[in-house]
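Shared between the two complexes below is chain A, which has chain B as its partner in the first and chain C in the second.
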Partner chain A sequence: MAAMSILVGQEQGKVPVTVLKVEGDIDASTYKALQDKATEVIDAGAANILLDLGEVAYMGSAGFRAIHAIANMLNVEGEEGMYKSHHVKLLNPRGEVARVIKTLGFDSFLEIHQDRAAAIASF
Partner chain B sequence: MPRVFELSVDAALENLGEIRSFIQQAGAALGVRDDALGDLCLVVDEAVTNVILHGYQGAGGPVDIHVQRDGDAVVILLRDRARTFDGRGVETPHLDESLAERKSGGMGVYLIRTLTDEAEYRPRAGRGNELRLVKRRAIGAA
Partner chain C sequence: MRAAEKAGILRHCSFLGGAEDSVLEALAGVSSLCQAAAGETILTKGDEGSTMYFIASGTVRVHDGDVVLAHLGAGEVFGEMAVLDADVRSASVTAENPVVLLGLQRDDLWRVVSSRSASLKSIIAAVLQRERGIVRDVTSRTLQVLAFEKEMEIGRRIQADFLPEHVPEVAGWDIAAHFEAAREVAGDFYDVFQLKPSRHLAIVIGDVCDKGVGAALFMTLFRSLIRATSLSGFLRREGDAVGVDADEADEAAQVRKVLLDSVATTNRYIATTHSRSSMFASVFFGVLDPLSGDLVYVNGGHESPMVFGAGGRHEVLEVTGGVLGLFPFARFGIAATRLQPGDLLFSYTDGVNEAKNERGEQFAEPRIRDAAAAEWTDAAGFLRQVLDGIRAFRGSAAQSDDITMLAVRRIFY
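Let's look at the complex of A and B:
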């Protein structure tokens, strides 16, 4: 079993931001845990999520489906259009993960940040 | 140093990590560059995930993975005994659509097509599928 864990943190920028720090591999055996955790924090009131991918060595299409679902859960009608999500952003994807984000065109609707403080301030 | 690497494993989601480790180790032993090896781990993971979910429909069964070098290319054969699943019919995502419009399915098949030079599917005699994946210019300088 590929191991994956998720640490949940709360930060205050201009608005409250929930940081989900994922550690491990996101594949078809683990993506559901990410989606479930995001659903849990959204149900508890989170409106802005920063996904910290700095400790993710592998992410396949299942992980991208989870991120897509999370972004759609926080999609505000009329606000998004063809623009990047204001409510879900990515932090520090590495290596192959960063390359696949571009291959799948996710960089066209999700902001990608390298600096945590700047990412939190951007919401 | 063997030039052919083989893994026989049960088609189960909990074995995906082991399968990626096997591709990493085989690729490293064959001298595959890191970028190409990352792509190969991804496409094998996606292809085996399809076998697990669509081929065997979660019931499990054998998957044989065969990795070898052919010049500067890496050739990977995936063989199963599952029902026929030909990914060529899967619609690929429209990358120019907005987040809300975009469908989230088909990304695995899109990655397999995009990150390999050949992805050749054929049914096996009797029952099962064989997927032959080729990534060229994977060994040696980029």
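Let's look at the complex of A and C:
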């Protein structure tokens, strides 16, 4: 079983942004921990989440489902018609993860940033 | 605690139900009182141990990892197998709340009871009683598993009805499909059907995320919605049906509209109605004009189909949008190509390119091209070639994902 850890950081852009930095694989055995951590910070008041994927070597479909569930939790009434979520964005996906994001077309659902400061400022 | 109190605890345990008072008192004398806090693990599976425990108060959980085998309370015993033989602990035991126990060592137990045949008999009877309970449990679980397997088999057969029994025969075209589920039920699907009253042919291949029953249920949903929405798209205008009177420009426009509407409607329906499930499917949906060979398609996050041509043509039909089922307002692009006589369109699911060998390496796209480069004469032969390639590559490694392939070849005239 792949180990995964999540570091929680708090940043202030135009609005407060919670950064979840994931280290390790996001697969069927670890996606729940990501979803639980997101639920925890959202329950504590987080309204904007930046998922830092720079240290993620593999993401399976369970990981994509978790990201969708997080985006759902942060849906704001009246904003459902938005093309891309204003509240969940991805930072720095690499290698195989970047390839799968492109194949599944997740780049058409979510904003993907390469620069952390620019990502935080974009919320 | 006085010996008489300990004897009282032992008396309430059915394990020593038939023992005389003198035996109970003797055992009480050599037993030791111990306690465990809620959540404390008392025995660990695989450990050596020679102590059995009588529960005076509180409850414990007998478990193997996360699987709970039994809950035990006052008057019951655990760890008794270790005093009957010298094997390691067969399961773990954890206190569910503060527990008071009497522990009894193997040697002490046997010293006390060995000269008293009535006590021996009662211990053997208690062990047999437990044995009978285990046999009953195993029998009932086996029956449950058999019933479950029967249900899965029914599910598999019903799901097979959601795949076309035969691919349609279309003049000038040679179409073959291969479907191989990794488990009883699958998340892959394909479909080939005529978009009546139009002459156009729908070519669909899809892969629902995840595996097993959940994926299978969504497979039936995706497949049915795509079929229903695309067919009704043409039926709505039966009066001026595509391919009958409409001029070419109108016809092409309508094909595109029906294709995009079908994908968008299917996506929006699942993304809104089943949003909480976060289930998605990658779908390639192409509409082929069998007269001209024109193929318009939406590739929603699916492995890129390939076109192999007689003159060394190799075209990859890249994604034109994301997967279906997650974001209700996702936008999908549309693209087009033309299949010339001798061209073959090969679409597949990731069970093909991600098939792994014993070393964990993936079959990958270049090997698909290798398989395509070898001799083949028809669509079925082409699929056999790819399949042989996968099997040879996989060696003794198990099939881990569904394998679905669809080959559509335009015949030379």
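Assume the second predicted complex is superposed on the first by the 121 of 123 C-alpha atoms of A that agree within 3 Å, B and C clash if a C-alpha of one lies under 4 Å from a C-alpha of the other, contacts with A are read in each partner's own complex, and residues count from 1 in each chain.
The rule is short, and it goes like this: contacts are C-beta pairs under 8 Å (C-beta built on N, C-alpha and C of every residue); 3 or more make two chains touch, one makes a residue touch a chain.
As the structure is a computational prediction, the values presented were derived from the model and not from experiment.
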{"item": "First (chain B), second (chain C), both or neither touched by A:104", "value": "both"}
{"item": "Touched partner set for A:68, first chain B, second chain C, both or neither", "value": "both"}
{"item": "Touching partner for A:96 - first (chain B), second (chain C), both, neither", "value": "first"}
{"item": "Per-residue contact with chain A, leading partner among chain C and chain B", "value": "B"}
{"item": "Partner chain(s) touched by A:122 [first = chain B, second = chain C, both, neither]", "value": "neither"}
{"item": "Which of chain B and chain C A:58 touches, first, second, both or neither", "value": "first"}
{"item": "Contact residues common to both interfaces of chain A (with chain B and with chain C)", "value": "61-62, 64-65, 68-69, 71-72, 80-82, 103-105, 108-109"}
{"item": "Complex contacts: residues of chain A adjacent to chain C", "value": "61-62, 64-66, 68-69, 71-72, 80-83, 102-109"}
{"item": "Footprint of chain B on chain A - complex, ascending", "value": "1-3, 25, 27-29, 58, 60-62, 64-65, 68-69, 71-72, 75, 80-82, 85, 95-96, 99-100, 103-105, 108-109"}
{"item": "Chain B to chain A touching residues, read off their complex", "value": "13-14, 16-17, 20, 35, 38-39, 41-42, 45-46, 49, 52-53, 93, 95-96, 98-100, 102, 104-105, 107-108, 110-111, 114-115"}
{"item": "Residue numbers on chain C that touch chain A, as the complex places them", "value": "209-210, 275-276, 278-280, 282, 300-301, 303, 319, 321-323, 326-331"}
